[in-house]
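Input: structures, listed below.
What follows is a pair of complexes built around chain A, which joins chain B in one and chain C in the other.
And now, the complex of A and B:
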């Protein structure tokens, strides 16, 4: 199972993004500052934006989903239970996962963006997707939910997961790192070797790198463990 | 056309001419062919098609009620073409500049600011609708029902209201009370004056008995 970017050039207005590489099975993290082209690439991988040059190919991908940054776009149910049901799921279990137990009859218009985000992400993660594209999944989530969501992402064993984010506090365990630098997608390689090549790592990873420590992976727990293992 | 004041003047004049008579519409169409880059809003073909169907339906009703439906269809299509050109010519801040130029630093500035924010909201809504369509396609495979649209559109309206409240808060935090100081500057293209004069001439020809 692979998603292949073959010398792709994507344009949105005056903005241009160049991308080459292969996303194989596993969890991939694509980082870059706001406005660097993460959402553009996410839309292109989903097929919503066509490249002006190059080719986006796929092998063995039969199901896909793109989680958009704002959960409101995904909502089609009038209540929280209705929204869970609209994804073909049993509301009770999804609402429990999203921390919204007992609120199934609540109007979606009365919920906060964070609550809707938790619900939409829980609905999406309840299914097994061959290609799961998450555009800024951490926005609107508090720290506890960021951690919980990261854990659940780390539990995904099959399929391709691509996370586009500029999150700086909590990240999941990933297999490969990518970075968008000056309008170009750059593959940093597999973790942990890729971490030392990361030009804009989150602060907690930067702190470890500054001490010459390379953690096994990029979760705050991995960094804590690495720091604790280091004498002095 | 670079000067937004002349763009606005030409838009009003040509819209009036096109709406007044079929001859006026024909002259306005000739002006559009002569003075603009002649770009149809094909990238928004869905919206354009929807609008055109609406105009066609109204034209049929006009015909059925004894009017000249064909003339109506032609005149309104030209009005929409001119409006589409005017919209494509706009750039950020020009409404604020025009408001201040026309009505001064208090009333003009405020009206310009409101107009500027309204256009920004329209652009935001446009992006929201595109994302909404994409999300519905991903989730339902393109099967869109009225039942699924109602909560989605309700949430978009709420998002827009939240956005307006945030902008209001930012303006208040920055100390905005009323009016502002702005020295608007406008650049004028070589043919702007002549094109605007031609548009006003067309309006006079179409409107004068």
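And now, the complex of A and C:
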């Protein structure tokens, strides 16, 4: 199963992004500052934005979804239970996963942004997707939920998971790192070797790199283990 | 000093709390009462019971600056200069005074080059800076940022933090999910289920939160 970007050029207004590379099965993290083109690439991979040049090819991908940064864009139900049911899911189970048990009758528009995000992510992760694209899945979540969803994303063993984010404190275990640098998608390779090539790592990873320590992966736990194992 | 006594409002229950002047980080889970507290401190809502005094005066007697979680949705004017000057124009300050204040403020914040731009053409980080400038235009006694950094990257959040450090505002309260940023505040409030469970300096509060997700990742092994 693969998604292949072959000399792709994507334009949105005056902005242009160039991308080449192959996303194979596993968890991929694509980072870059706000405005660097992460959402543009996410839309193109989902098929919602057509490249002006090059080709986006696929092998073996039968199902896909793009999780949008603002959860309200996904909402079609009028209550929390109705929204869960609209995904073909049993509301009680999804609401429990999202930490919203007993609130099925509430109006979705009265929920906080964080609660809506938990609901939508729980609905998305309740299904198996060959290609799961997540655009800023951590925005609006508190630290405990960021950690909880990170754990679930890091445990995905099948399919292609591509996480686009500027999150800098709680990240999942990933297989490959990518970075958008000056309008171009750059493959940094597989973790852990890729970590040393990361030009703008989160501060807690930078702290380890500055000491010459390369953690096994990029979760805060991996970095903590690496720092605590190393004397001095 | 901010004094809160016997406050009961929606989920929030605060019997007695003193918040020192300076930069205060407000942290804790979603739904724990952070926004409810900040809205009371801003005077947007009045508590059902209890009293809040900011340096001896009620919040609605103080000048308050507010920046929310999605600054781009709070911007109402097409031009950056109109957006930043709006709090002064709304209170009918004379035009020469408004122009001078906006020029001085944007110079101070280092965003003078944005003045001629249209707000819709700004990046998310630039919109946050414009919203911050608008919040500071009327020289607030208290500045509140409600998870403004949620949709900002590390660099933009760092820029906002640097600007806040440089301003002269007695009380800055910032709700955030970035524990590294909270660790650099003068004081931290940790709220959960409507209660202030911890209030103190970063060392004391994070000592109590060791082993939870609400702990700065770089403090793991010190």
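A few comments on the model shown:
The definition used in the following text is that the second predicted complex is superposed on the first by the 232 of 232 C-alpha atoms of A that agree within 3 Å, B and C clash if a C-alpha of one lies under 4 Å from a C-alpha of the other, contacts with A are read in each partner's own complex, and residues count from 1 in each chain.
Note that in this section a residue touches a chain if its C-beta (ideal position, glycine included) is under 8 Å from a C-beta of that chain, and two chains touch if they have at least 3 such contacts.
In this text, all values refer to a predicted model and were calculated from it rather than measured experimentally.
After superposition on chain A, the partners chain B and chain C collide with one another. Looking at the shared chain after the overlay, A:127 reaches neither chain B nor chain C. Greater residue coverage of chain A by touch, when chain B is weighed against chain C, goes to C. When the shared chain is aligned, no partner comes close enough to touch A:15: not chain B, not chain C.
The clash between chain B and chain C in the superposition falls on 170-178, which is one of the stretches 44-52, 80-88 or 170-178. Touching of chain A by both chain B and chain C, each in its own complex, is seen for no residue at all. Note for the complex: chain C touches chain A at residues 28-32, 35, 69, 123-125, 147, 150-156, 177-180, 212-214, 216-218, 220-221. On chain A, the positions that touch chain B within their shared complex are 43, 46, 48, 65-66, 68, 70, 72-78, 83, 86-87, 108-109, 116. By the touch criterion given at the top, residues 128, 131-132, 134-136, 138-140, 147-152, 154-156, 158-159 of chain B touch chain A in their complex.
Across the complex, chain A meets chain C through its residues 33-35, 69, 112-115, 118, 136, 139-147, 166, 168-170, 200, 202-204, 207, 220, 223-224, 227-228.
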